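Shared chain: chain A. Partners: chain B in the first complex, chain C in the second.
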Partner chain A sequence: MGLLTNLRDSISRVTDGLFAADDPKRIGIYGPPNAGKTTLANRIARDWTGDAVGPESHIPHETRRARRKEGVEIERNGRTVTIDIVDTPGVTTKVDYKEFLDHDMEKDDAVRRSREATEGVAEAMHWLREDVDGVIYVLDSTTDPFTQVNTMLIGIIESQDLPALILANKTDLPGSDVQQIANAFPQHETIPLSALEGDNMDEVYTKIAEYFG
Partner chain B sequence: MPHQCTSCGRTFPDGSKEMLSGCPDCGGNKFQFKPAGATEDPAVDDDAGSPSAAADPSPSTSEDGPASTSDERATDSTPDERAADSTPDERAADQTPSESADATHSDDAASADPSPETDGTEQIADRSDEDTAQASARSEVVSPDELDRASREVEGAETSSPADAEPQPGIDALRDELNDQFESIRIVSPGQYELNLMELYDRQEYIISLQEDGRYVIEMPDAWGIQDE
Partner chain C sequence: MPGPTPDVDGDDTPANDDPDGGVRIDMISGARMEGLTGMEKIRLILDGVRDGNIVILEEGLSPDEESKLIEVTMTEISPDDFTGIEIETYPKAEAGDQSFLDKLMGRESTQKLTVIGPANRIETLHKDENLISTLVSRK
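Up next, the complex of A and B:
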């Protein structure tokens, strides 16, 4: 009997290992500033762990350090997929403290935020190079996706052969144009959602399980 | 006397091939070129002439070394070359080894030179000889294409310096482009940054702290304990 129990335990460990319970994939949430990355990360974390990842803000570069939420277990179709979520700072080629002055910020604070945001971009690029197994690329569907940053990052992700899911966020806003994003990156599947409202999250979780499970 | 070694002061006639492998006296490889026309410039003559005139009273002792070497050089060269170069060689031997004294041949050197009137005629013949020697020397080495290219470059340099307006932005743009390409983070001013994403992505070390003076703190790969690269 004891032998059978041991056998069953070891089989269970093996199957757990197969389903990535022991070695969760680390999924980086990438995208330009203010695309809704942290809102999505919080939505995923709250839905499956009850915790949040970090503060959300309409001011760009709120997330200036990569934040990790480990061991997020997502159940899909009777199967559990465990991932580590890394919410990364928004990637951009220019950071200017002046854009923060519009948000009622003192100059000193704006300059510091700008410096931290720049460090954050460096950190995000570093994570992309070293530490992620897959990417959720979040875009604001109310803005033009044809930017240097998007093209470059998607190019890097493709060159790394990382599995990538493109999310067209902010579908709750009137100017949302999901098709424009789908047209910009036709080689990838584009999933519409509103991370803020929780719209279409079921499809997002299904795709996460499919891509990163 | 167009070529002068900048370390020992030895002079060479235009077209001389000796200096091509360095100064035979001191081994120096830096020469200055003074065309025949420039030596006639009174301002240059005055400046260069006065110290050499002071040095002139004791030429015999310092003259021995260079004079003997220039004799050697004369024997080394082919008869044709010597015919073309004989007058400058002689003059170099006659006068002090410093080229500045040669440059003052018209006025100051007249007192030092024992035969001023022959010197004057030699100068004219000398210059015409130099021109042909120069022409022949260049025609042997430099192809017409290279000459054209060189003259175009000179023209380009001449036109670019007075007319700063047009070519300057191109250089600035190029510099900016190079900055963009090679600097991962460029501090435009405090609080304003430009980032080169590819450069940031490509670098193995990880920037953890920026400072406004352009310095930044990085975490070296060794510190991670990762040995995969």
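Up next, the complex of A and C:
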């Protein structure tokens, strides 16, 4: 039974890919909290549509709902690639409201924020299993990439056979180490960038067109 | 063969009831997990962790089960009670030993020792491809 189900799912994935090639791909922007996912989503959206996706903040879990920007048309090498960007909450296995108290928040606000953050992470995981066609995985290149969340998420993405582009963000900061990220995930291509400063976005757009077009 | 219920110790005693405040560790074999559904595995893990135990899985979880574990963990976090889990496995090795048929049929090799504990009691000191070093604190 399981064998037949797996075979059916495999065939379904292949045929879906063949017949839906021209539909806009939903590309999820994933990564740990504070990696710069919303800054990147806003950079892409502003560059190609003029609008932003959501507010950016240095406080973890600023994004607590997945936000979608539809119909982002990216032009590369004479052709146009249309994608829907899904900016997702940073994934973690733990949320403690006390951490928000360090950001000058009252307890009630911190508890509410932590509750919304947990709902957002659960939502992000659901999107990853059900609703995205590809993943841009954003990492802060000034931090250690060998974390369990990164290991698990990359494993989940690979198990779903989703195309994945790994971005080493925050190259404008001292201590940025792109090679460390490349070493952590050698099976994937790693592209350096600063979403905040807009550095190396040309290469990012070329790779988005290549991976998700 | 796995038991019929996801209760690890098979009795009704409260977990981690050591009067000296010791740390209970449940080491769960692959055989024990084999007959459980994904949700039963997650329940088995989270029930143990929420009781303050450290759970060690001989063969780990599949990526899909890990995804659902994160999702269910998030729904159970509550202020001043449960802040989530700390989970550690060895980084995934290159999956070069998987056959084409295994990949086609979606069969994944998940055999990786996995340590899971309450987020407020377990701290990872060091992790690389061959070593996971963690500090477990008492309540």
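In this section, the second predicted complex is superposed on the first by the 191 of 213 C-alpha atoms of A that agree within 3 Å, B and C clash if a C-alpha of one lies under 4 Å from a C-alpha of the other, contacts with A are read in each partner's own complex, and residues count from 1 in each chain.
Here, a contact is a pair of C-beta atoms (placed from the backbone, for glycine too) under 8 Å apart; a residue touches a chain by one contact, two chains touch by 3 or more.
From a predicted model like this one, the values you see are computed outputs, not experimental measurements.
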item: Fit-or-clash call for chain B and chain C when the two complexes are aligned on chain A; value: clash
item: A:L196 touches, of chain B and chain C: first, second, both or neither?; value: neither
item: Contacts of A:A52 with chain B and chain C, given as first, second, both or neither; value: neither
item: First (chain B), second (chain C), both or neither touched by A:M105; value: neither
item: Which superposed partner A:V121 touches (first chain B, second chain C, both, neither); value: both
item: First, second, both or neither for A:A209, with chain B first and chain C second; value: neither
item: Partner touching more residues of chain A, whether chain B or chain C; value: C
item: Which of chain B and chain C A:E158 touches, first, second, both or neither; value: second
item: Doubly contacted residues of chain A, that is, touched by chain B and again by chain C; value: 91-97, 111, 114-115, 118-119, 121-122, 125-126, 128-129, 152, 156
item: Complex contacts: residues of chain A adjacent to chain B; value: 91-98, 107, 110-111, 114-115, 118-119, 121-123, 125-126, 128-130, 149, 152-153, 156
item: Residue numbers on chain B that touch chain A, as the complex places them; value: 184-185, 190-198, 200-202, 204, 206-210, 212, 226
item: Residues of chain A touching chain C in the complex; value: 3, 6-7, 9-10, 91-97, 111, 114-115, 118-119, 121-122, 125-126, 128-129, 146, 148, 151-152, 154-156, 158-160, 184, 187
item: Residue ranges of chain C touching chain A (in the complex, touch as defined); value: 62-64, 66-68, 70-71, 73-75, 77, 79, 83-89, 91-92, 94, 104-108, 119-120, 124, 127-128
